[in-house]
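Below: a set of structures, written as structure tokens.
Each of the next two complexes has chain A plus one other chain: chain B in the first, chain C in the second.
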Partner chain A sequence: MESIYQALVEIVGEDYASNRHEELFTYSKDLGTSPPQWPEYVAAPKTVEEVQKIVYLANKEKVAIVPLGGGLTLAGLALPLKGGIIIDMKRLDKIIEVNEAARYMVVEAGASHGKVTAYLHKHHPTLMHSEPGAPAAATIGGNMAIHGQGDLAHPYGFNTDMINGLEVILPTGEIARFGSCAVGSGWYTMHPLPDLGLFLGWNGSTGIITKISFRLYPYKKIRDNDAFTVSDENLVPEILHELTHLGLTEDLIATSSEIPPVMNRLHHISIMIAGDYEEEMEFKRHMIFDLTLGKYIRSGVGGIGGIAAERLRPQISKSADWKKGGGFEYVGSIVPVAAYPECYRRGSEISARHDIPYTVLGRVIGCCHAMMFSWSYAFNRADAETVRHAREALHETDVMVMELNGTIWKPAVFGQKLMMDRMDQTTLQLMKKVKDLLDPNGIMNPGNWEVQ
Partner chain B sequence: MYKLTFNEDLCLACGTQDCLVRCQHMDIDQKTARIEMEKIINGEDSFVLHDCATCYACEEYCPHGNHPFYLIVQRQDELGMPPLPEPLIKRGIQTGIPFRGEPEIDEIKGTALNMCVFSNLMDRVQGRLFEGLPIISHDSRKMFHYFCQLMYLHYGKTSVINERLDKIIQTLAAHKAKEIIHFHDECYGTYTSYAPAFGIEVPFKSIHLFEYLYNRLLELKNEIKPLNYKVAYQRPCSSRLSPPMHQYVAKIFDLIGVENVKREYVDENAMCCGGTILGQKKEGSRQYCAEVQKKNIDDMKNAGAEICVFNCPACITTLGKPVQKEGIWPLFMSDLCRLAIGEKIG
Partner chain C sequence: MMGLEEYKYKDLIHRCFRCGYCKFPTDWSDVTNCPAYARFRMESYSNGGRLWLIYAWLTGEIQWSENLSKILYSCTSCKNCVEKCPLSFNDDIVNMVVAAKSQMVETGKVPPLVRKFLQNVQVQGNPYGIDANKRADWMNGLELQPYQGQDYLYYVGCEGAYDTRAQGAARATARVLQDAGVSFGVLGVDECCDGNEVDMLGEEALLEDLATKNIDQFSKRGVKNIVTLSPHAYNVFKNKYPAFGGHFNVLHYTQVFADLIKTGKLKGPEQQGVRITFHDPCFLGRWNGEYNAPRKVIGAVKGANFTEMERNKKGALCCGGGAGNFFTDFLGGSGESPARIRAREAGDVKADILAVACPNCLTMLDDAVKAEGLDNRIKVMDISELLCPA
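And now, the complex of A and B:
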């Protein structure tokens, strides 16, 4: 065992490898309800070559490796379920290229969303990327590995729909590239090469993403968060449908929560609009509130909750404060927008059963093609009983998602099993074959998407 | 239940009907005004109940101190004619529900400053002007225990105010302060105008923030250096409930050496910030709100204002950014006063 540690030290240097209990402790937990899972080693490489050497080492020693980004999924997806080495990717964070004309950006996978946003603000203020609702420390690679979405999900879809190219270290250590970069033509497109689709949504169990090219979009000078409020959850899908038909908004999020009381049993639709001119903004507001939503206002069933408020990212994490102890975890799902009312009703029932104030959020993906709907459950980290309640609520929610014909997003192992139990057998076996082919030693984030 | 003191005979015998005739948001002649007030008094439907922008100004315009605005809101409530859509009413009512523990009641001797639901604005009451002044409602988790509730006049809900206000008064009174300075004149209006109008007992003396600031500045007069700014004052709706206190704006401006710019929308002709109009059910409310704001800000610009001074946190939330875009500095009155005695503001 000491030899693995020494080998890691030789690869990344003494300051960036550890087998010490107090440091492994940090990596044994995430912020959700998962019980601790201890790694034996942690290494924080700075270069792709260092990552590659660690993968070769792991194959040689038949020891598990778990790539870790910001560690913010809450669902235990980067916990070492079978021990081994955690590869902390956060030092692999170089910004490699920004192409203003073709609107894309290439970064190392450990670059955080906060770093990318700050870099673009400073050096390319007319461009933005789709930043998720997670804290700024969430990494680009981690977010892509779980099929994340961000604040451009309505116009442009999942963040993984915006990928122009990938560099991946395969579980056996080779480096592969996908997209136009694979033929040496730069990083500007993922298509039209043959689709391999082997690494996104796999939680790092088929390889380690090391470089990513992703699309950038115009960043408008004026950016407002307007809000529309309704009491009747059944109105939410039709309002979102009308707003996406209009096509003038940048992000659409519906939320409801028991606490604070101002949100209770109400549905707040955040309508993000952007423009370069005041006239453009006023035109958009006129089209949205006077023409499209005016009928709801006049009939008294919907109201303008605010205009031109400061844009804040969805702050589900605030629900962690509703109980002492600051813990929360959520189930995310991809569901049809039409499912919003039932998702809200049944989710709030689950919350009530477990004495947890309900918190739900739905973000439109595409032109109402789907919605990321989440149910958040707060718990007190110092109170095992509240953690148990939250964990049970999460599991009940996973089951509910399946009953609603939804798809669990970034499922924990419990949810992965639920989905694999329902999965088409041919697809399931193909997943197994792909995994076996890519990872013959079974070392890559084992326990995740593991087909029995 | 509490009953509004409203002299119907006095109203019907009024020779001016200023309450409605002078309304900035409805074009009403004296004859129509009399007819509509009679309907409102009799508990009948009137277009006034639907079209009222809830700017409070008629309270000030009434030459008899007869509370026409409170009557209008009470009738909106009784007849089920709220000016806002139902979800906004529900949201507003729920806003005032305390949800994070009970207030901690410290006994206070003498005078205290009540922050109501603006505990997050403690930065605005710092420095020598407020030195040694005990604060009530300094904890934003507990602030809704001190919420004066008057906001519900915009919601057509005197019933909500009347249901909750007594408990709020008891909580404030439990601190045993003899005098309470109110950070927002909405609170001052609650305890000196609304509560007496509805026969709700208030066991403490209320002091308007501007009166306090003026007197405190007099004590620090030697330290005042004239600021020489051109200043516009955004008079909030609740100031209409305490017209005698409005004089302190001019007095403070004189004392700290700022020019109160000459405007059309000033004093009794002050223009609402528009915040309450924005969400109203009436067709075109959003656009009307934008027009009102534009007229108001254009007026400030044309008068050469460099600073727009606010008392009301809602007004500064609504108008702060738009005035800033026009190159006018939005400031709370307390901060302007602090600048005058050489203090830095955050």
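And now, the complex of A and C:
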């Protein structure tokens, strides 16, 4: 196997290839509860051509390849379940184009969300992209590969709904482009070409995304994070429905958590509003709090939980240290907004069973078309028992999502199987055909979305 | 082998989430502000990766190896990660690495170049292994007085005393102080390594030995005020010596210069139309929060245009020379060596002069500018050299 290592060294250079124990150890671990899975090699290519050469090598040697961005899904999706080569994509990080007039941006897939936010802030301060609440090191490619959502999910949907073009290295090594870029017309639209949606949500098991064009949106100068609080979870869907009917807000997130005590059993709806003028902000606040939410305040079932708090971009998450143990993992799901109360109630029961303070969150996607609802379970990395509890709670939650007729988002292999067990047979077989057709040697992130 | 139980941060180290915030600079512009990660771009070289490796080593999940020791010793103690890690224990994340280096030192398992560094300091009082009798060569022809109760002890440090490039800064600092009429003396061949790098390499016993010897000498001579050439010496005198009983008023030379400028005792030279940028030294900036003094001194250069590089102050990229790396050079040998990235950044802002305030940065960046082929455009100068009368 020394020959594979040597070939990798020839492709990416000695500094960026490793078969040393320490690198393999590092890439064998995820941040969540998944047990380690050891790669045999790690390579960090700089160019699309280098990635392509690695893919050709992997086909020749019949060795698995797993693309890795920030490695931040927590669900073990970039762990090499069948060994092989981890391709750390983070050196593929060029910002290729920002088109202010047509409001889109083209980057290499390994560019981090932090970098994109900082770049726009500095060079195009009137534009923003939909940034996930993940740590800033999360990559654009990794986020698209799992259908992520960001802080513009309410007005504009999933991040993958904002794609204007893709460049992908197929599992057999050829490079394909999708959208207007495929006909050499720039990177401004994914439509109206025939739909070839073969790569998003596949966890990199059908190809490696190398370039992405995605939409940008107006970034307003004044930005407020307000909060509205209710104690009755059953009110949350209707409030969100009214707010989305009004249509004056950006991000809408409902949260509830046992810690701190002031949050316990209460539901905070964080309402992001933005404007270029103070008058615009005043108008929005008036419409939201006086006219839309006023009736809840007057009837004593809701109250303003905070006005004009700062929301940093990139956001900074400290959630991993809740249990002072350096770990947490969450099940994410895509559910109807109406499911919020049930998701909250059943989730807090699971948490209680495992002695983990409950933490739930629901982010509105589109005009209340769906919600990303998550249940987080903290653990202490130094205490195997708490890790086991968290893992069990995660599995129970996956099962619960299915019972609630939800869809698990970025499922770990356990959740993938639950979904495939319920999947319509024709769809399942089509998935298998697509995978077999694209990846005849079965080398691309094997073990993910694997139809038996 | 040492285990987790003996490790000072045993209750903290597993709390690193490996979220990677610590790779960024203050303005989030890229994941490349940890110099070791910028150089190698493998997760093992980011601080999250490093802390997870240390934990695995201490719990016996992995064994010591040369690669592991290289990963630890490639950390330059630049403290960028401390600046960006959002968790409550962030103040200790570099200390966690240093404490792990200490465990390696205690078991004798350090990279050969680190061993050489420490042995040289032990035997000759400097990392280069040059004869201690040559420590005063830098001041030949300067007519400096030995310290005997003057207002300041001017402590030069190993780089300033021995490195031919850094000697220029040592001499320039002395001349500016002389010209401004500052009362100071030096220790000449009696000066000995300050121990900052020894500390960052995890050699606690040698640090104690050096600190005790230096404090003893300073005290016997009645030293109260110390002005240092190097921010590294400034840091260890100011922050570590008190624990060994050494309480001195310590200043970096840029602080003294800034004060002399304020009181009119020091005037900047003319440099019409010259574009100057400044590289913050980690041990002055992130370790001690001094960002203004060097900028004030540069501001005294008449007619020059000062321009910041994109990454500056708290967000500056380290030159890659800290924690002994100016000698061990674990981050060298590549276009992605932090010093070379920094040289290119100075080129990006079209600087004529890349000013530094540290003999370590001076040697690292001087070499880097040459390696980048930028030496015909950019001159790397210590601030003391900028201010030094022709």
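To be clear about the criterion, the second predicted complex is superposed on the first by the 443 of 452 C-alpha atoms of A that agree within 3 Å, B and C clash if a C-alpha of one lies under 4 Å from a C-alpha of the other, contacts with A are read in each partner's own complex, and residues count from 1 in each chain.
The criterion applied here is as follows: a residue touches a chain if its C-beta (ideal position, glycine included) is under 8 Å from a C-beta of that chain, and two chains touch if they have at least 3 such contacts.
Owing to the predicted nature of the structure, the values given are computational and were not obtained by experimental measurement.
Engineer: Superposed on chain A, are chain B and chain C clashing or fitting side by side?
Structural biologist: fit
Engineer: Contacts for A:Pro261 in the overlay, against chain B (first) and chain C (second): which applies, first, second, both or neither?
Structural biologist: In the superposed model, A:Pro261 contacts chain B only, not chain C.
Engineer: Among the partners chain B and chain C, which is in contact with a greater number of residues of chain A?
Structural biologist: When the residues of chain A touched by each partner are counted, C comes out ahead.
Engineer: Using only C-alpha centres after the superposition, what angle do chain B and chain C make about chain A, to the nearest 10 degrees?
Structural biologist: In the superposed arrangement it comes to 70 degrees.
Engineer: Please work out whether A:Pro135 is in contact with chain B alone, chain C alone, both, or neither, and reply first, second, both or neither.
Structural biologist: second
Engineer: Once chain A of both complexes is superposed, is A:Ala352 in touch with chain B (first), chain C (second), both, or neither?
Structural biologist: Once the two structures are laid over each other on A, A:Ala352 reaches no partner at all.
Engineer: Taking the superposition on A as described, I'd like to know which of chain B and chain C A:Leu193 touches: first, second, both or neither.
Structural biologist: The answer is neither, since A:Leu193 touches no partner chain.
Engineer: So, does A:Gly114 touch the first partner chain B, the second partner chain C, both, or neither?
Structural biologist: Second partner only, chain C.
Engineer: Looking at the overlay, does A:Ile297 come into contact with chain B only (first), chain C only (second), both, or neither?
Structural biologist: Touch partner of A:Ile297: chain B, not chain C.
Engineer: With both complexes overlaid on chain A, what's the closest CA-to-CA approach of chain B to chain C, in Å?
Structural biologist: Closest C-alpha pair between chain B and chain C: 10 Å.
Engineer: Note which residues of chain A are touching chain C in the complex, please.
Structural biologist: For chain A paired with chain C, touching residues are 15-16, 18, 20-23, 25-27, 29, 31, 42, 44, 70-72, 88, 90-91, 93, 112, 114-115, 117-119, 122, 135-137, 314, 316-318, 320-321, 324-327, 380-382.
Engineer: Across the complex, what residues on chain C touch chain A?
Structural biologist: 14-21, 23-24, 27-31, 39-44, 49, 52-53, 56, 61-62, 65, 67-68, 71, 86-88, 334, 336
Engineer: Under the touch definition given earlier, write down the residues of chain B that touch chain A in their complex.
Structural biologist: 84-88, 90-91, 94-95, 97, 99, 278-279, 281, 283-287, 290, 321
Engineer: Show me the residue ranges of chain A that touch chain B in the complex, using the header's touch definition.
Structural biologist: Against chain B, chain A makes touches at 229-231, 259-266, 282, 285-286, 289-290, 294, 296-298, 300-305, 307-308.
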